[in-house]
Amino acid sequence: MDLTLPILILAIPITMFLILGLFGMKMSHKLAGILGILGMGTTMVLAYTVAFDYFFSGNSLFISGSERLQHTVFDVTWLQFSPRLVVNFGFLLDPICAMMLVVITTISFFVHLYSWGYMEGEKGFQRFYAFLSLFSFSMLGLVVATNIFQMYIFWELVGVSSYLLIGFYYKTPSAVSASKKAFIVTRFADLGMLIGILVLSFYMPTFNFIELTAPGQPQAVLASTGGATFLGGSVLTWALVLIFTGGMGKSAMLPLHIWLPDAMEGPTPVSALIHAATMVVAGVYLVARMFPLYLMEYQALDFITFIGAITALYAAVVACTQVDIKRVLAFSTISQIAFMMVSLGVARPEIHEGLGYMASMFHLFTHAMFKALLFLGAGALIHAVHSNDYTAMGGLRKYMPITHWTFLIGCLAIAGIYPFSGFFSKDEMLSAMYGYSTFWGVWMTFVAGLTAFYMFRLYYLIFWWDENPHYKHHRPHDAPWQMSLPLIILAAVSCVAGFIPFGELITWNGEPYHIHIEWVKVAIPSLCTAVVAILLATVMYRKKNSLPDKAAAIWPGLWRAAHHRFYWDEIYMFITHKIIFNVICSSIAWFDRHIIDGTMDAFAKVTQKTSYTIRGMQSGSIQTYVWWYLMGAVALAAITCWAIL
Amino acid sequence: MNYAQFLTMQQELGVLAVFLIVFLFDTFCGKNSRSAVTPLAIVCFAAVTIYGFFCTGTGEAFGGMYVTSPVISCIKSILNLGALIVLIQAVPWINSEEGSVRRGEFYELLFVTLFGMYLMISARHFLLFIIGLESASLPLAAMVAFNKNKYESHEAAVKYMFTAIFSSAILMMGLSFVYALSNGSLYFADLAESIALGSNSVLLVTAIAFVIAGFGFKLSLVPFHLWTADVYQGAPTTVTSYLSVISKGSAAFAFLVVLAQVFGAVYSDIWEWMMYALIIATITIGNLFAIRQRNMKRFMAFSSVSQAGYIMLGIVAANVLGMTSMIFYILVYIFSNLGVFGVIQAIENKTGYVSMDDYRGLHKTNPWLSFAMTLAVFSLAGIPPFAGFFSKILIFTGATESGSVALYVLVLIALINTIISLYYYLLVVKAMWISPEEPVVPAFRSACTERFGLWICCAGIIFLGLISCIYGWIYGVSEIAATEGFFALLG
Amino acid sequence: MNLTMLMYLIPSLIMFACGVYGFITRKNLIAILISLELMLNSVDLNFVIFNRFLFPGQLEGMFFTLFAIGIAAAETALAIAIVINIYRSIKKIDVSEITKMKF
Amino acid sequence: MESIGNIILYFVVAVIIAVFSAMAVTTRKILRAATYLLFVLLGTAVVYFQLGYEFLGAVQIAVYAGGILVLFVFSILLTQHPADPASVLANHRKFVGGLAAVCAVALLGVAVCKFPLIDGMSLTEAVSIGDLNMKQIGHFLLSSEKFGYLLPFEAISVLLLACIIGGIAIARNK
Amino acid sequence: MILQNILIWFVIIPLIMLAGLALCKKMTQIRTVMVVCSVALLAIAGWLCVDFLAQRAAGNTAEMLYTGNWMWYAPLNIKLSVGVDGISVLMLMLSAVIVFAGTIASWKISPLPRNFFLWFALLSMGVFGFFITIDIFTMFMFYEVALIPMYLLIGVWGTGRKEYSAMKLTLMLMGGSAFLMLGLLGIYWHSGPSADGAAHTWNILEIAHNGAIEKGWQYFLFPMTFVGFGVLGAMFPFHTWSPDGHACAPTAVSMLHAGVLMKLGGYGCFRIAIYLLPQAANDLAWIFIILTGISIVYGAFSACVQTDLKYINAYSSVSHCGMVLFAILMLNTTAMTGAIMQMLSHGLMTALFFALIGMIYGRTHTRDIRKMGGLMQIMPYLGVCYMIAGFASLGLPGLSGFVAEMTIFFGSFQNADLFHRIFVIAATCSIVITAVYILRVVGKLLLGPVFDDHHRQLTDATWWERLSTITLIVCIAAIGCFPNWINETIQHSFLPIIENLKAAI
């Protein structure tokens, strides 16, 4: 395959970053914006070309028979740890990668475009575009990684671009602390991933995905470790679980989710790009990428399922109580990603030919579209009312029709209403879950219902409920075209994306899978649940009334806890500030200053003190001198005599 | 009666000749030409110094009472060089009101002490040795008392004199015991023989201890060092510098000769351990006292006490390397210490300040003096690339050659002590360069002789270590001594 | 009864001890000098005794003593000069006054 | 067997030396101390005579008793009023001094007593072996061979000269 | 002819620098001398690098290239032996870069610029000399040459409790070198014969090939040498000179000290302690693994609560340099390669950090992060550079720190026993803690609202400050983006050491 396009896909964003980063200060906003958008647009076109080529060209590199192949476009040595362990920098093209290329470039392009309007006149406009380009580069590098170490590298880069973008408004302390939190939490998770890679690479002396997932490799590992286990898990399980920890961090799984809601301090386009569509699904992508390995260890998959399910429910419950609309969307994102995780966790070759995997990827795709749409819509709202809280909104449908309609489409899609895209992907996921165990199926169906409920709660509170009196002073209006255009296009995509024959393109083993909707067993019940939830939301929130308060009063404790996100932040605060900072760090610092350094100083002090103490020897009187003299000589003789004779 | 034997003693005769020239000139010249004594003495002595480098023969005179060999000539030449620098640095002082009264006496006494030291080094008979030793120390007492108007000078003289007599009593007591153990002869060779034949007894141990104590006085080994600080402080600075380098250097070599040539047979039985104890005590106590001192001369006194400990490492090494390193150490020590004293003297002569506190901010007013002082103390502290580093590391190398663990431990203690010494040397540097206060010493231009002396010292400090041929030369002569059986008794 | 070496050494050692004692206890510089004379004298005596009893045919000890007496004389003379000197300076020769420089 | 005279002489001299040494360092009158020192030095000279070193005894009397002691007396008279007694010594000072003296003498005593030849020869035997006359002494003193003392003889002259110069230097005022 | 050896010029140019400075009077002259000489150093370091790689590529597989031997103290067989392998070449390059950056960063040093540069040049001479020599005597000499100017540089041109700190730093480092010296003497006396027939040798290669040091002596000498060098490498518990010393040192000195001088410790550890005493290294490494492991975590935790910028960095250096020693003790090629890369990386980024801190301090006159804030708005250039340094420190891919740390971790993990594993994992934890304290500083110092309105008048970087920082940043990024040639160079150089270790087991 031609190397030009893949290389350009990576090169354009990083070049843009360098140009805008180094010379942006000297450019006008307009020039910087156009450069950024053009760059991303080109990248998008290239990515589409590559993806199209991959899926539809029928090139024998990409498909053999019906099976889609993994193709390494290029792979150059970057760093050689040892003859066995080599880190390469390359471009691996396979179904999920191609899909991710499309998702990332599309969303990124729209966000670039959208930002032109949204960030109009902001100080640091050029910087914003530079960071966006950096992020796009990192994310693209992540998805095309040929080996786990390359992935880890870009994983870190993604983290740092996220840090920079969350902290874009660096004058506001809350943004600064949010960015810090995001970075540190994901960093902590990455530590797990790093250790996982360490373990894995020790037993399987390669980083390369194709080699890692090649048949027979994992068995070789298990054989080489002689069945060694640690706390009940095999070496491989531990490695995989640890690697998944990294994914938990990036994808904001419980208990490492706390950074994501705070990350909403960043500009809204950023939230749409990073914290809804692309970066946060990196965890899912990671598991998908190493899926054949995970299949070797069901324990690890069960762990993923468990974490995902708990997170999904947790996030959904919390989302029902949040005031900040971006936080609601954030928790919804957590919940949806957890869905994908569960779906991956329950994927088994024997259950619907590994449907869970396909469904998860499908949802990843559709979710990216509608969640980006929702976030961008939220951005338009915030742009209009200059507040993140729904209490500052209400009754906006008249003022902002485009936003209203596109937002509604987004809500319907996420709620899983036929025929919007969310329905299809969610349905596939649910069937996979039911196929694995009814318990998880029901559980996740319930979560799906909650999703519908909180999304419509949000929708109603924003667009219906009660008109906010502030509008008289400041009449909200729809956003400029740069912002509206992406909304409309994304809404359109959300409407039709469900009909993409996803199973033909992406499956766990490359063999096509024919999607069929299990209406009776899965689709109808979930649809019903969603509809009921929407109705409930309609009743409670369509007009201003006291029902929500009453509902909250039924379980006040639960409501308060959910409102405070079940006190996770407080717990973390306690651990980090009170224990790690105040107890561990401070005591170590104290220990260092007073004990270690004190000892060193004590040497000096003792020397000084001794010097002072023995000064009497030098009393100034000759007689003392002579006394010492004589006694010295006598002692010298006496001691020697005693010693040798 | 073969008086031609006196001609073997070329270096001694040279010094004696200078002594006589100065003595006669001083006695018989008119009042007006008195001041010509200084250049006369310096020029004559410089000639002797140069001549000394050509005296490389081996010789024996008076039935083995006096010997000379290349290594002995070498150490004498080194001492000559040091004494010459002292003389050059002393010019402003000796021309001052204070010194000019007794200018001639100063040179005469100095040359006699030098003569005494040479005898001490060359003597192979204890009687001659004692006479040399006394000639080296008694006139010094008179020199210590040279500052008529300063009470401290008198006090120092009293302390020096009384301790000196006491120590010579102790030394001679020791020698009387040595005599008791001999075969009736006080020649080193005969003594060594009879000691090697005899067995260890309390008498022998006591004798050695007392002899070491006697040397301890000259070398300021702890606990025989207590006079040092007071005398160094009280004596005129020129005399202090002479006392600290030349007197000490000669005694160190003589000590090596006595220990190796007389008591060599009982090295590992008796005096090795005594020396360990003394070295540890000397270095440590010297350092501990030095860190509190503010008076520069007193400070240098304790510094020289601890330096003596390092010199002694060359003696316990008891091998060619040790001997070479010790001589080299003495050479470097002469240059470094005279560098320090040169600066002290220059400042004292001009302004009268001698306290370290008065050196605050010296670099602002007298940058070159500060620079010279810094080099000198760095060299004393053993900082490369200055010569002191090489002398220290070489003496440690020599000391560890035998490979005994005890010596390693000894060297480790010495090394740890270098840290303390570095501390107090840095205090001087700190006073000069770092203290933020306004300088006390005003800017002045020191006399050209002082500057010349300092230049020589600085050149020595910088180049002695880097240019290895000097060490090579010393090694060569030491090796000759070794082949002639210098260490034969040590086995 | 034989007069042995030890019998002669005993007074010598007593003299030496007295000298030490005097040096350390006396306050007058001249008294200290007297004590030193005792010590030096004891050393001289030792040499002579050893020479006589151990090496009666040789003369090293005797000559040593001969020269030592000379040295002692020189020492004493110089010491007295210094003592007089300090007397002129502070009008005292009390050793406990001569402790200005210390520590 | 020694002659009685020798024995008596020994004891008298020994007692004189011991007692006057002690008195010289304990008396409070400095002039008396000098006088006691004279007795000790004379006693020593007597020992030299008894040991057969007449020349040495003569030198001892001439140099010490005749020279040094006079010097002492002069300096004493110069520096203080002869009648003044020194102040009484503090006890701890006596103790410290006594301790040093005892330690020193104990060490030396042990060293001497353990010396194997300590009881070797009696005085008579010893004196009978070594017989020397002035001519011999003079010969040795100026001999440059082994056991000749020419060099020390010359060297000590330099030393004495230096001491004279030193004394002058110290004494001279202007 | 001695001057024909290119390595000698690394010592000669500083000497010329010293001589030139001694003659200078005016500030412009001083600057000219310094810039010309440091550029010359940079140039020959670069040329050496290229030529070295070319020779290696041409198949020259000798352990050391450009070797030269000149007898110095013949009685002790002390020779001035020079030679470089890949590691030394890289360290020379690093030193040259930092000397250059340090020179530029001290453009406006006062007071006494001439004296400052005199000592600075002496320090550089020590550093360069240390890296070019392959005999333990001259190595030790240059080591001490490099140490002592620190006292004056900190004492005279430092800030804060400079007298105390300078003294402490000097004494502790000299304390280390006391042990070191004993170790070296022991090595010498047990070294076995020299190639030219002398009984003992100081030459590292000869000692290593003789392999004559008995096991018992190795056990005695290894701790001596390792601790000796370890003190300079800020090994726990001998690291306390570092926070105080760095905090008080002037900018260029902190740069050079943390950037290069602390590397002398690590370099000496493997070049002498491990290479020459392999058996003891194998058997006693665990003791020092514990100590360095503590260093890594302990330093990082301590850095978290500091409020003085330089203290933060100093503790961070404790942690990072601990990593160097830690990796060296892992005794395998990969980890040791990582250690060298960490040296390079830490050298560059710490130098950058200290340069920036100096520049910030020069403007705000405080280093207390509680008294500053929002500097990014006021001095964006410095702020961005600081962030880059921070990212390098916390191991961002694309910058040097990442490569180094990863190599260390992957190398260290090759030791399969539980003891090593536990410590490796503890060490990896430091990357999180590093992130914590770096971001804490960045957040408080650069981001957020402006804390002190007086700071609003401050200006951004001047041209020389820009030049100095850009030099370092380019190097950091270059290593971070294209690490493999460095990696290969280092790995190749470790072969003899590893072989020696294997032979010892």
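For clarity, chains are labelled A, B, C, D and E in written order, and residue numbers in each chain start from 1.
In this section, a residue touches a chain if its C-beta (ideal position, glycine included) is under 8 Å from a C-beta of that chain, and two chains touch if they have at least 3 such contacts.
These numbers come from a predicted model, not from an experiment.
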{"item": "Interchain contact steps from chain B to chain C (minimum; 1 if touching)", "value": "1"}
{"item": "Path length in the contact graph (chain A to chain E, fewest steps)", "value": "1"}
{"item": "Touching chain A and also chain B, the following chains", "value": "C, D, E"}
{"item": "Chain at the geometric heart of the assembly (C-alpha centres)", "value": "E"}
{"item": "Label of the chain whose CA centroid is most distant from the centroid of chain D", "value": "A"}
{"item": "Chain pair with more C-beta contacts, A-D versus A-C", "value": "A-C"}
{"item": "Between chain D and chain A, distance of the C-alpha-averaged centres to the nearest whole Å", "value": "102"}
{"item": "Gap in Å, rounded to a whole number, between the CA centres of chain D and chain C", "value": "7"}
{"item": "Separation of chain B from chain E, taking each centre as the mean of its C-alpha atoms, in whole Å", "value": "42"}
{"item": "Gap in Å, rounded to a whole number, between the CA centres of chain D and chain B", "value": "32"}
{"item": "Set of chain B residues in contact with two or more other chains", "value": "127, 131, 134, 138, 141-142, 145, 157-159, 162, 166, 173, 177, 180, 185, 201-202, 205-206, 229-230, 292, 423"}
{"item": "Set of chain E residues in contact with two or more other chains", "value": "171"}
{"item": "Contacts with two or more other chains, residues of chain D listed in rising order", "value": "96-97, 100, 104, 107-108, 111-112, 117, 147, 149, 152, 156, 159, 163, 166-167, 170"}
{"item": "Contact pairs between chains, per stated definition", "value": "A-B, A-C, A-D, A-E, B-C, B-D, B-E, C-D"}
{"item": "Footprint of chain A on chain D - complex, ascending", "value": "96-97, 100, 103-104, 107, 111"}
{"item": "Chain A to chain C touching residues, read off their complex", "value": "615, 618-623, 626-627, 630"}
{"item": "Residues of chain B that touch chain E when the two form their complex", "value": "320-321, 324, 363, 378, 383-385, 389, 393-394, 396-397, 400-401, 403, 408, 411-412, 415-416, 418-419, 422-423, 426, 429-430, 433-434, 468, 471-472, 475"}
{"item": "Chain B partner contacts - residues on chain A that touch it in the complex", "value": "604, 607-608, 610-612, 614-615, 617-618, 620, 622, 624-626, 628-634, 636-637, 639-641, 643-645"}
{"item": "Chain A - residues contacting chain D, complex", "value": "623, 627, 630-631, 634, 637-638"}
